[in-house]
Amino acid sequence: MRHLIDFGDVSREEWEVLYQRASDIMDAPERFLDACRGKVMASLFYEPSTRTNFSFQTAMLRVGGTVFGFADPKSSSVSKGETLKDTITMVSGYADVVVMRNPREGAAKAASLYSAVPVINAGDGGHMHPTQTTADLTTITRLRGKVDGLSVGLCGDLKNGRTVHSLIKAMAKFQGIKFFLIAPRELAVPEYMRAFMRENNMWFTEVTGLESVIPQLDVLYMTRIQRERFVDPLEYERNKGVYVLTRRKLARAKQDLLVMHPLPRVDEISIDVDDDPRAVYFEQARYGMFARMALLTDLANQPRRKPEPVEIGRGPVCSNPNCVTQTELYLPPLTKQNGGVECCAFCDAPLR
Amino acid sequence: MRHLIDFGDVSREEWEVLYQRASDIMDAPERFLDACRGKVMASLFYEPSTRTNFSFQTAMLRVGGTVFGFADPKSSSVSKGETLKDTITMVSGYADVVVMRNPREGAAKAASLYSAVPVINAGDGGHMHPTQTTADLTTITRLRGKVDGLSVGLCGDLKNGRTVHSLIKAMAKFQGIKFFLIAPRELAVPEYMRAFMRENNMWFTEVTGLESVIPQLDVLYMTRIQRERFVDPLEYERNKGVYVLTRRKLARAKQDLLVMHPLPRVDEISIDVDDDPRAVYFEQARYGMFARMALLTDLANQPRRKPEPVEIGRGPVCSNPNCVTQTELYLPPLTKQNGGVECCAFCDAPLR
Amino acid sequence: MRHLIDFGDVSREEWEVLYQRASDIMDAPERFLDACRGKVMASLFYEPSTRTNFSFQTAMLRVGGTVFGFADPKSSSVSKGETLKDTITMVSGYADVVVMRNPREGAAKAASLYSAVPVINAGDGGHMHPTQTTADLTTITRLRGKVDGLSVGLCGDLKNGRTVHSLIKAMAKFQGIKFFLIAPRELAVPEYMRAFMRENNMWFTEVTGLESVIPQLDVLYMTRIQRERFVDPLEYERNKGVYVLTRRKLARAKQDLLVMHPLPRVDEISIDVDDDPRAVYFEQARYGMFARMALLTDLANQPRRKPEPVEIGRGPVCSNPNCVTQTELYLPPLTKQNGGVECCAFCDAPLR
């Protein structure tokens, strides 16, 4: 692995190696205190994301590395009057690894073309957030010993949730997963995700209530439902209570259920659930830090490598208005095949 | 000591141990370069306070630890849409010690309930700022060899000054202190502080002029008088010169007087005093850093400990509008006895 | 060297020592991983300058030191209600070296008067930016083996460019430099710079076109031309293309030419030049980091020294409205001789 842009690019074998290292770190963190000694991480947050930022920073510090960067583009002059290419070229001259959060889809892929050091995608708009997925898988593997064969409930807004889609895609690397997709009809999983699950022979069922399926679950992954996502506000009011996890609903769940949440939680998990041993959402954040330690230990120690020259583009070939190619006009016209469809190699949107 | 929320919770013995460590650090800082190796401090400043923030950061760095956090909530998304409980639970999963500044009274106490690691109060509204007190006592002890038996002048706004009240309370742990309380009548020390000094058999006198008492002082603690504190602006104009320390007023003081100030100074100490060897207010800031090094060396090395579950509250029992319980509604209804009066255990305000 | 305020204060011998250390660091960076162990750099950016800030931070981290400070005065309370003297006195109590960027001319010199530790000028308004010059000279020396005897083209806005003026002055320490000053008439080098070059027996010629002289150059230093600098916008439109470096113009240049730029580049260098091996502007940023590592290795390891008392001024003697003495009224009335003219010792403006 040179960069981590999309968890889909990580093979099962690469994942096993990464998890094993995370597991070693959790068992004996003191052995890794100098793993990134002398290495410097650039942390470029073109939009604030305090949790992700803190997790990466503490991960790097705990393996003996150091950190610089910005948490908010408003307090930086980097984003003004300079291309992403120039910023990344400069920053990758100072750093050993670059962590980037950017509101534009495909920005991390674009950065990786010009960087002399590995780039880690810490979220590129609504597109990918691969280290959230590594946090999720690390939590499940650490606490259940495996991912294969689990019954996983995904609850909340399954239409818009990037986290949930990434997790589904990542689970395709494992065997015997059963998905219980728990969402109001308006916020059901999109058709292309259903197609993805069918193509990958993944078992799934869609339901509109949490209570009936909760006894069958090994993992319950909660996500937030935002009022703004509903066309009809009354529909939101009718629905919201159904998707709130309470101590009472938890009574009928398995004793070794894992209740997970990408955080921040608003009110979709009642506060009285927090003290239940099955509530692992805060441990999940901590496991995310260990997973990032494992990742950085690998990537920050790779040798610098002058990037290969790339073609200079003449404007976007992709029509996704949030794609990075819409603003960084020099990007090369790269495409890729996703399931037989020609797509933008940056944001994965299908090309006309 | 697990947390440092209120200097009143620190016994004389604990203070002696802390000071001894600070003193050891000042004598041989190179011996402490790895005292917090591998440890990470979270620095959560919900309101900016650059001096306190810098002092804590450099303290942690000088004992070999590392730092992450935010200096200003505007550049963080943490304060939005998340309870203090959730933020602290998450952050204490990443950190070994949490330093928090928060505009709400009792916020540090609240944080300590949910933190898996020690919490240090770096100021909670107008309530407490215990490490300012440790800075003050470290300065006096280092430069005079002791605190017992000193004549201490407190000058300026003694009505509103949190720093001054904390120092008076802390001095109750020592013997034979004489206080000279130097303030305009409008800004005299509040009655409850007088009661505190009487209960603790502390000698004090109140005067409205600095010049007459300055020859008797071992320590002169200056604070700022803000125009806004006066009901009558003319009263401010009449008064302000009286409480300004000048080179001329200093002429009649003892040769080993310590002139102290919590900084920033505005014009209550004339700039020509700075070069006088008795002016130790900048050394005081540096001693504050050493005191914080001693504190962090202890607290950042304590083992993680899952916090005990606490009762979920149903809204505030305290009517102080600045109390943290007014905004964090799930906090438990904790109370305590202060001198026989039932008070809020977070902000110390008397209940009804 | 105690402080680095103005590259003009650095002797040729001091420069050679500094460059040699930078060169040693580039050859074997792992030998310097602990060169600043236990040392702390204060990074005070009173105006944002992300590139300079990143370069200093990563430099300090790569020699084993640590960093605190602010990147933007808006997120700091330091700049409010406190003199520069008080801020620097406090900060130099926490730090081992202070790096300061400040919009006021002479601010770094002012800070150095009150600091117990070395001060490095990271830019003081339009006045000086000495570490940009060290970056430039390090790049040339590293890539060409020497500075003496080179033919150097300076292209763009030579009237307002602080970088270019500093480089010309620095080059006076070397032998046999030939300057090709390439600028529109409106933005030609100022008369006092011409006088400086004549006094120092430096060869120079002024031209208005880049293409005709490019074959003669060993170094081509590009700078940005801002539309706002032109009295007549049409003049800008007529001119701009002439001073844009393209792949085509580069065809006639020497094979070992160095194309340099202080960054950020806007459109004065065409993007298709980036892959040409002669384009070294991004390497230049990286060499700047190594030069700063060398500088910090020296200055951060110097012993603390209580600053000598200085006279308290009674208002500015200098009439430059951007001079630091206009706002910091206590500064002493220091003057110096520049080429026989009495000047302000802070901002170098001639008096009266």
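Every chain is named by a letter (A, B and C) in the order it is written, and numbering of its residues begins at 1.
The rule is short, and it goes like this: contacts are C-beta pairs under 8 Å (C-beta built on N, C-alpha and C of every residue); 3 or more make two chains touch, one makes a residue touch a chain.
Note that this is a predicted model, so its numbers are computed, not measured.
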Legend entry - Pairwise touch network: line, ring, star, complete, or other: complete
Legend entry - chain B onto chain C, rotation angle from CA fit, given as a multiple of 5 degrees: 120
Inset, instruction - Report, in whole Å, the distance between the mean C-alpha point of chain A and the mean C-alpha point of chain C. - result: 41
Inset, instruction - Give me the residues of chain A that touch two or more other chains. - result: 66, 75
Legend entry - Residue ranges of chain A touching chain C (in the complex, touch as defined): 37-38, 40, 42, 66, 68-70, 75-78, 81-83, 85-86, 89-91, 93-95, 309, 312, 330
Legend entry - Interfacial residue positions of chain B with respect to chain C in the complex: 29-30, 33, 48-51, 54-55, 57-58, 61-62, 64, 66-67, 71-72, 74-75, 263-266, 271-272, 274-275, 282-283, 285-286, 289
